[in-house]
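Should a chain be cited, it is by its letter among A, B and C, assigned in written order, with residues numbered from 1 in that chain.
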Amino acid sequence: MIRAENLLVTRGGRRILDLPALSIAPGGVFGILGPNGAGKSTLLRVLAGEMAPDSGRAFLDGRPLGQWRAGDLARRRAVLPQHSTLGFPLRAEEVVALGRLPHAGRGGPQDSVRAAMREAGVAHLAGRNHATLSGGEQQRVQLARVLAQLDGVPPADSVLFLDEPTSALDLPHQHAIMAVAAARARAGATVVAVLHDLNLAARYCETLLMMASGQRVAEGPPTELLTPETVRRAYGIAMRRIPDPERGEVLLVPA
Amino acid sequence: MSEAALSVPRARAMGHGMALLLLAGAALCGLLVALGIGAIRIPPDGVLRELLAPLGLATSAPGPEGAIIWTLRVPRTLLAMLAGGVLGLAGAIMQGLFRNPLADPGLLGVSAGGALGAVFMIVVGLALLPAPLRPYATAGAAFLGALLVTLLVMRVAQHEGRVMIASMLLAGIIFNALAGAATSALIFAADDMQLRDILFWTMGSVAGATPAVLGATLLAALPLIIAAPFLVRGLNALILGEREAQTLGIPIERLKWASVLLVALAVGAAVAASGMIGFVGIVAPHLARLMRGADHRWVLPASALIGAALLPLADAAARVLVAPAELPIGLLTALLGGPFFLALLLRQRFALDGR
Amino acid sequence: MRRRALFALPAGLALPAFAQGMPRLVVAGGGIAEIVCALGARDAIVGADSTSLFPAELRQLPQIGYLRALSAEGVLSLQPGLLLLAHEAGPPPALAQLRAAGVNIIRAPRIASPATLMQAVTVVAEALGRQAQGRALNAALEQDFAALAASLPRPATPPTALFLLAAGAGAPMASGRGTSAEAMLRLAGARSAIQSYEGYRAVTAEAALAAAPDWVVAPSHTVEGSGGIAPFLAQPQLALLPAARAGRLVTFDSLYMLGFGPRTAHAARDLAAALHARPDMAALPDRPWLRGAA
């Protein structure tokens, strides 16, 4: 359970995040949408405890993030950035094993690593040099790494942050990653994802937050939120909403 | 060190521990070889006898061999071993911290600061000091110069309580240039004799080793050696990236400060005691990674052992190649290290697939 | 160099192993080496440093490196009965190690003038047990310097010279005050054209022009290295100097001119003859050590 109140982040005299209240429940993917510079990544960093807001507070399980010990926090929440470049060559399995760092000395890591790689669908890449994998494969190995980091705590207590996890990937990898995240959420985890693709968000998210200029434009389930009106207010472009004839969801296409 | 990270090796012939034991054996061999050869020929059994004599396990020969080994070869060989180990270990830590296989403590201004201190002492300070202080003055000034420039680099790179790696690089470049300029100004003011002294200092030598120098260097290096195992987790996390390491719960600012200060202390002392010895800090970690990968649980101790094995051998070569004169050891490491490094670079370019 | 086993020595290295009344000599410092040879002890030298280049036979001996960067074990390996050092020799730790190993070390005073040269001769002669030869050498040196002073032309304004150590790439290194080059100019009755700094400095073309030297003085190997006298004087840092235009260049052998040893009076005489334009100036007595003999 994540909660935040009166979040304010100012950079260069400009409010890049200004959010009076926010609450994120486990059990479904919480998507954050908005144009570039809307404050999405800043919000994610504040909620993940990576940076402190200039004022206001964010809570994990009712406890302010500033009061969490780094090690305790690292065993409960993991962050998957958009793209990671390794400083030195490692095998895929070594990368995933690094996710177990916060659990040092707390039981054998072998199973966690293997399970995480299976869950992310990269078990077959274990022995490969990470640098030689495709961008999509690398990102899925990184996903396995954050899954391994969260192994050992009950799903309901774990929080997974995905910061534009699919931006540079082809369609199959985009869906593969979101499917794994959604499955985690269904198992009880809290999952927060910054996304760019409205239709991907509609397909996998339970709740969406639409942001612009650091502020909330709208919040709600995809079917309610993804209207041409909110998209226009956030992005300033015209979209047409058409029903997905097969799945009963919505699709947005440029007008 | 913890077993948690990076411990999913494919079937391996041996563990890191076994490989480290082998490297330690190599360092011991390097030590014995370096003690065994020199301008004066002493047969191996003679060397062994003199080495064991103080333990009461053998009787010293009546000749001067004992003195030659114990007062000439042992101190400088131990200093070479210590300096080599420190340079290798510090190189590995800096490369891990900067996430760059070309990084070395020189980036922080340790060498440039050391050189500035030493040159200042040679050109200006020695004449002002009372004679009893002079023997250790150059080393002391080099040590202070190394620490001072490193602290300045870190101070400038710090912004809002955080040290940015990129700022560290930039500040390092700036202060390297400034220290270099100040050194040049001093060199400009130097007379002929001082110029030759400066030249020899910059090419490095462990010939000045005495028990006092050895003890002081060890004292300054000890914090780094003791702390190294505690840096391993953070450096391993840093392979993923700074943000990734932070979200893995690594206290990243503490890691930076601790690494840099401990490295500056140890390398500053090594530079002070033995002058500028290049390439060990880059070659040793490279060799280590080439052998068994980038896991810092392996790379850190292996780099230290490789450095400790290589430098006594380089010193032995420096002593015998042009005997009865001797070559500066830094000249030798650069001479051997340069081509080696070039080969490594070309090889990596042609075999991007890694291991 | 390592042919002979050290262990044939009697206990320790302290006892000078006199061979024909002479200890095995290791010498560091070109001037000192010349003195040793002038005292007739050349055959006792078994090793010399990289500045001991005259007489040329010294270059055939095992080389112990630069006199400021001696190697303790390297020197020891030559089993020296006596180590003769110029004042500048070092580094101190190596000397301390050699002393601790029982090597007999004699260090000459710094040579910067005829008087200190003769002191050094006395010290070396005593160390070698050749006091008589030392006195004879000093008497000869005294004669030489006196003859030099007597025959020196004394114009109202002494000639000035730009004394260059190296020229070619970049600015030439020119001598100011307090150098052995300046000492030689004084002995030759001339002055250094540059008095504004001590030591050797890179000097710009304009500063050289302002110094307005009567002569340019440069080592012959530097002049030859730049392709001969004409190209040497034509380089931009020198070309504008009246002295250079008039071809007033004196070249010298650096060892002979700056070595500060027994040949110094003769070198000063040759320099004076050139700078005062008096090739007829009285020659000093011929001495055997000019040819490297005793």
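Quick note on the criterion: contacts are C-beta pairs under 8 Å (C-beta built on N, C-alpha and C of every residue); 3 or more make two chains touch, one makes a residue touch a chain.
Remember, it's a predicted structure, so these values are computed and weren't measured experimentally.
Colleague: Would you identify the chain whose C-alpha centroid lies closest to the centroid of all protein C-alpha atoms displayed?
Modeller: If we average C-alpha coordinates per chain, B lands closest to the whole-structure average.
Colleague: So which chain is farthest from chain C, going by the mean of the CA atoms in each chain?
Modeller: Measuring from the centre of chain C, the most distant chain centre belongs to A.
Colleague: How many Å are there between the centre of chain B and the centre of chain C, using C-alpha atoms for each centre?
Modeller: Here the centre of chain C sits 39 Å away from the centre of chain B.
Colleague: Would you mind pulling out the distance in Å between where the CA atoms of chain A average out and where those of chain B do?
Modeller: 43
Colleague: Measuring from the mean C-alpha position of chain A to the mean C-alpha position of chain C, what distance in angstrom results?
Modeller: Computed from C-alpha means, the inter-chain centre distance equals 79 Å.
Colleague: Looking at the complex, which residues from chain B come into contact with chain A?
Modeller: My answer: residues 2-8, 10, 96, 99-101, 233, 236-241, 243-244, 246-251, 289, 293-295, 352-355.
Colleague: Quick one: in the complex, what on chain B touches chain C?
Modeller: Against chain C, chain B makes touches at 38-41, 61-65, 67-68, 71-73, 134-135, 188, 190-193, 196-197, 200, 205, 207-210, 319, 322-326, 328.
Colleague: Along chain C, where are the residues that touch chain B in the complex?
Modeller: Touch residues, chain C against chain B: 1-2, 5-7, 9, 11-13, 47, 50, 62-66, 68-69, 71-78, 88, 91-94, 97, 100-102, 198-202.
Colleague: Note which residues of chain A are touching chain B in the complex, please.
Modeller: Listed in rising order, the residues are 48, 50, 70-71, 73-75, 77-79, 81, 84-91, 93-106, 109-110, 113, 126-127, 129, 131-132, 145, 149.
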